[in-house]
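Following are the structures in question.
Two complexes are shown next, each including chain A; its partner changes from chain B in the first to chain C in the second.
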Partner chain A sequence: MSILNKLLQIFIMTFLALTVVFFIVQSMPGDPAFGLAVSIAQSRNMSLDKALEIAHNIIGYNPKEPLILRYLKFIRNIFVGNFGYSTYFKTSVNEIIEKALPWTLFVISIATFIGFFTGVTLGAFSAQKRSTFIDTLIPTIFSIIQAIPAFVLAVFILFVGGVKLRLLPLGGAYPINMNPGLYPGFILTAFHHALGPLLATSIPQIASWGLAMRGNCSNIIEEDFVRFAKIRGLPDSTIARRYVRKNAILPLVASLAIGIGYMLGGHTLVEVIFNYPGIGYYFGQAISVRDFGLLTGLFSLIVIGVILATFIAEILYSIIDPRVKAQ
Partner chain B sequence: MKKLNLILIFILLLTIVLTLSSAQVKGPEIRFATTWPYPFHGNAFGPGAIGGAWWFAYEPFAYYIPATGEYIPRLAVSWKVEGNKLVVNLRKTKWSDGTPFTARDIECNVAFLQAMWEWPYEIAGVEVRSENNVALVLSSTHPFLIHSLLTDGAISTLAPSHVYGKFLTEAKEVAGLGRKIWELRTQGKTVPEDMKRDYDKKATALREKINNFSPIKEMGRMPVVGTYEPTKVTNTEMVLEKNKYHWEAGKIRIPRVVFRRWSSNEFVWASLVAGELDAAHPSIPKDVVDQFSLLNPGLKLKAVSDLSEFALVFNFEKPLFKDLNLRKAIAYALNRSKIRDIAAWQAKDISDYAHGVLKSMEKVWLAPDFLKTLTDYSYNPTKAEAILKEAGYTKGSDGLWRTSDGKIVAFTVSVYGPHSDWVLAAREITEQLKNFGFKVELKIIPEGMRDTVMRGGDYETAVEFGTAWWGFPNPATGYTRIYQGEVADFTRFPAKSKFKTPWGDLSPYDLTEKLQTVLSKPAEAKDYVAKLAYITNEYLPMIPFLEKVLPIFYLDGKRVTGWPKEDDPRWTLAPGGIERLYVLLLSQGELRPKY
Partner chain C sequence: MKDFIRPIFKNIKALIGFIFLSIFILMASIGPLFIPLNLTSNFAERYQPPSLKHPYGTDYFGIDIFQQIVHGARSVIGLSVLASLFAVIIGSIVGIIRGYLGGVISKLLDTIITIFLVIPSFPALLIMAAIFSDKSLNIIAVALIIAMWLWAPLAKQISAQVLSIKSKEFIETSRMLNLGTPYILFKDIMPLLIPYIFINFITQLKGAMEFSVGLMFLGLAKFDPTHWGVMLNYALYQAGALYTPRGFHYPVIIMLHIILLIYGGILFAQGIEEVYNPKLRRYE
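Now for the complex of A and B:
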């Protein structure tokens, strides 16, 4: 019964979130045909109003269609798995997702897991070495990384790794001469092409998870049960592994789950700088050309991803935290 | 130690894979960057169409070189205007799938253009006279229209009849209806509602069919008549192979063109410096360019006029700017070279005149002796002060200029926010005019509001495009813009009034009309251009401060060589379609593999 309740709750939450997504995107200023209209007005030497009318016809966008009709169409489509239509790319959003999502998931999922596990390990290690040089060094490096804007870090990796050292390939997910497939040569090449975006995405995550883990560990080390364990004469490694890390990691699991949900949206900045063919690039394009259909579709994908990830996190949480299970 | 071994093995594998993948490149290739919408349809009738492949896949009747005024025949061998017809002798050539290209293709193409893009309705009919001779029956033979029909890549080859022919009957019906509606509207008549409904219904049905039609998916290729055919497209790369049936195929020495997706300027910068691209035209700040030339000394830069100027325009509905003395004082008070340095360092400097002819084309159109007769507005704040004082303006103890009736000279400089180079210029103009003693404020026009603000006259002065030779690169286009087009709409300059000139009292509006009728007679055209230049310079409907340029970065000697010399007029083919320049150089075999 409780699972049914939970599912109902998820359904309502998804419905409300999608409704909000739709109305937020629809309330964005601008007209998706504006860019095309400007170029028509310039090349044909006509008024912008007339050009806009022609541009609406060309892209098949009717600004006069009642909002409520558009909303009902959107909801009906989304519940049958149709994420809409991109007026700019002249194709279904599903097709764009199908082409771009695997690359996004490839890079962002690896980056998220590398970021999480490396960050958590280093954060816990730093906390374990309290009052030593290591505990000064690690948080300082993490803080510096956190302070570097993502854009600067990505450009740095691109120029140093791709231009100066020539270690990273410039652009694309694989060389166009190669046929994609699940064979070792292709997988290795794809991994090599993903290295730049991977580094640019995972380094800030390592720092962020690391600082969070260190903070959590430092608090837990002060708890009575840890002191009691020390008095009992348990070895430091056992205390760290079984008493501190396990408890410190729990609050991070929920954040990780939400992060996994957000993965579906890609990383626009990194994908654009590295010319990587993921969802993030299309997000950027959708905003710049005001492709409301694509924007709504991609936002909906993220919303559904985050809600599902949160649901999975709750289940995971109850498995790894006996207190939650007991409740 | 085990871990270290694993890492070393991984690096070794990567190296092998990379070596193998790079070895797969067959034959010489040239690499550019461009945007295109993916998934790729191979169908031109959508926004974005086929992106950078456009000029490679489609051929216009001719290319036009602005610097020389010369047409280079492409798909047309020759052409002439006969009465109300443009008669074109077509080149004997084939589509890339081997199908002969004929006059029927032009007929089909025009029907699709009118049906899908509602343009050019000025073509009233297409007469197929023989396989290689076609006449476009026109409702006007205005030189701008003739130029556009000859040079626009869309006019001739977007819709091959053997590919799009199955939709031709519907396309002709929609085009016919659309043209009828256009004619009624042009004549100022009301379009019957049932005609509109019928048109909307049929046009929507056709658009849906064409938008869903993908030659690439259905035929496995998109036959083109141009130099290169797109053969492989991924999310981030597009490969074009030489069209072996192209009439210049024998001359082409680089069989393959690769486009990288222009995802960001940073990516394009990095690719240029690393030698991964052979040419691109990103906007790059000066300090970054200096850095790049250190990293890759082979990288060269050619700045070509983008055929437009940035200018400070006045709103002539505001009484303040009806005073020519004030406009002249502003022209002298502005250090235009400095504005250029700050707003767009690569742009061409305009620090002397304001005559409305592009600085880069000045020598072609205006004789040096004539230029000497014009007022030179080089930066001279002392002269600006003298003009104001003589006109009765006074400078108060607060350092602000006042009109003869004691009002502080206060105004705003409006600028469209999303155009960052305009904003930089407007800030500098505001500062310079403040320092001179005017009370000036900067006003940012929000995104999407430019047309409303400027056409609505809700500004005092503004940074805008001044003269622009887009479409037909000729002074006539620029003066049409200033006295009859967008600038006239924005400024409300009294273009139909007569102004004193050495040739008597003349109206710039009438002169522009006359100029349009004598474009085929260079001597007469130059005469009208001089008169218009005089009025524009002496009566200042606007003050231009830089000529926009297109910076082309190219690598000579990495993969390819044979780029034109610095002063080659063909560089001026680049604005409005840089790929035309690449196509011309590739198809004539000038761009060739390094080895």
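Now for the complex of A and C:
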């Protein structure tokens, strides 16, 4: 019953959020097919009105159709997995998503993995060295890192790694003369091209996971059961590993899923700066050329991603923490 | 009010943060009076390194970077403070109403908060900026657009706090004395939330600053050519800086100012949080 209830809730939430997405994009000025119509008019040498008609046909948009019908069509399409048509790239948004999503997930998942484990290890270490120099140094460094917006870090890495030292490529996910595939040479260049975005996304994550872990550990060290374990004469390493860290990490594991969901959208500027062809890069392109179809499709994808991630986080949390399940 | 402010300056983090912020606020408020802005290009002096004549050097057009930084501070700080203020006001009002009232209104507000939470702010903000980019917006309009995507987490936290305060005995007493909802909301509940709201105002500044610099960086909301985000955009894209290491100091100086300003805010917020959250003070 409660699972059914939850699913219904997700369904309604998705529906409402997509409604907001639709109306936000609809309020952008201009005809969504205008760009496409201009290029058709030029290439086929016809009048703009006629080209506009053809363009409307291609993207399935009828300006005389009432807003509410267009809205219903949009919702129906999303729920059957059709994200619309991109007028700028002249292809379906699904095709762009198929091309772009793997690169974004590649960078996000590795960056989150590195960020989470490095951050959690350093955070726990810092909390363990309470009232020593280390516990001042590590949080200070983390705070400074937190003051650096991800895209500022991205610009910095691009300048130092790409321009000054000429170590990083200035764009793309792999060289254009290479065929994508799972052979060692390609995997190596893929990592090389992803290095910039990877650094720019994982370094801020190290800081935020680290600070969260340190806070949790410091709270748990004060708890009675830790004190009792000390009185029982357990060695410090056992207490740190089995009593403190295990309890401190639980809430973080659940937010891990939410973090990945939000990064689908939060990654936009980093991908734009590195010209890395993921979801965020295409989102930036769609904004700058006013590609309404692509914009709506990608934005819907991001929102659905966040909702799913939140749902997964809740399930994870109830598995990890039996107290939540009991309620 | 004195009791509210004095402990802040006894905390070293809050003090350092306050000094950082003060320098930037001075720079923004009276800096432009003393340092004139000369935006005429002078290609003979392109990409000069920092010197006595140009403390921060010059950019691609030979324009003094220090002057631009000083004049840009006004719009960077003004915009972030306004956006953060609007976000905190909206978030507090929605949160308090959602927490205190029950029934249909609370359910409705809950749904609205959740929708704003699941729609990622930055992409939404980009679209909003694109909607209005044809019209020239003033600073208040841009701040409101940014605030629209910042308030939801605060509203959620405030409503949780109000829910827990609501069931305390002294609220019951006020209710039994028939003091009325406005009295309970503003005289009983509000004062307890003020330190919390203030900390949030400072932490929101970080988000507001990131968002506004990001927007300007993408060139989606142009109202000031010396805004640091616009400058960073020029440093990266306009001047061909990606192909020459000569102008390296230009973006680095802009980044350094963005980071120092946000770091000042973070230190100040951390300090205040330690002062008003005894649970944190215990570890110092």
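Here is the rule we go by: the second predicted complex is superposed on the first by the 281 of 327 C-alpha atoms of A that agree within 3 Å, B and C clash if a C-alpha of one lies under 4 Å from a C-alpha of the other, contacts with A are read in each partner's own complex, and residues count from 1 in each chain.
By definition in this document, contacts are C-beta pairs under 8 Å (C-beta built on N, C-alpha and C of every residue); 3 or more make two chains touch, one makes a residue touch a chain.
Bear in mind the structure is a predicted one, so any value in this text is a computation, not a measurement.
In the superposition on chain A, contact of A:272 is made with both chain B and chain C.
In the overlay built on the shared chain, the residue A:310 is in contact with chain C alone; chain B does not reach it. Of the two partner chains placed by superposition, only chain C is touched by A:283; chain B is not. Applying the stated contact rule after C-alpha superposition, one finds that A:162 touches each of chain B and chain C. When the shared chain is aligned, chain B comes close enough to touch A:96, but chain C does not. In the superposition on chain A, A:218 makes contact with chain C only, not with chain B. Residue contacts after overlaying the shared chain place A:192 against chain B, while chain C stays out of touching range. In the overlay built on the shared chain, the residue A:149 is in contact with chain C alone; chain B does not reach it.
Common to the chain B and chain C contact sets on chain A are residues 29, 155, 158-159, 162-164, 170, 272-273. Residues of chain A touching chain B in their complex: 29-31, 34-36, 40, 42-45, 48, 54, 57-60, 87-91, 95-96, 99-100, 103, 154-155, 158-159, 162-164, 166, 169-178, 184-185, 188-189, 191-192, 271-277, 281, 289. Within the complex formed with chain A, the residues of chain B that make contact are 13-14, 17-18, 20-22, 24-26, 37-39, 41, 45-48, 116-120, 144, 152, 203-204, 207-208, 211, 232, 234-237, 239, 258, 260-261, 263-264, 266-267, 270-271, 273-274, 276, 295, 447-448, 451, 470-471, 485. Those residues of chain C that touch chain A in the shared complex are 111, 114-115, 118-124, 126-128, 130-131, 134, 206, 209-210, 213-214, 217-218, 220, 232, 235-236, 241-245, 248, 251-252, 255, 258-260, 262-263, 265-267, 270, 279, 282-283.
The residues of chain A lying in touch with chain C in their complex are 13, 16-17, 20-21, 24-25, 27-29, 130-131, 143-144, 146-149, 151-152, 155-156, 158-159, 162-164, 170, 218-219, 222, 262, 264-266, 268-269, 272-273, 283-284, 287-288, 290, 295, 298-299, 302-303, 306-307, 310.
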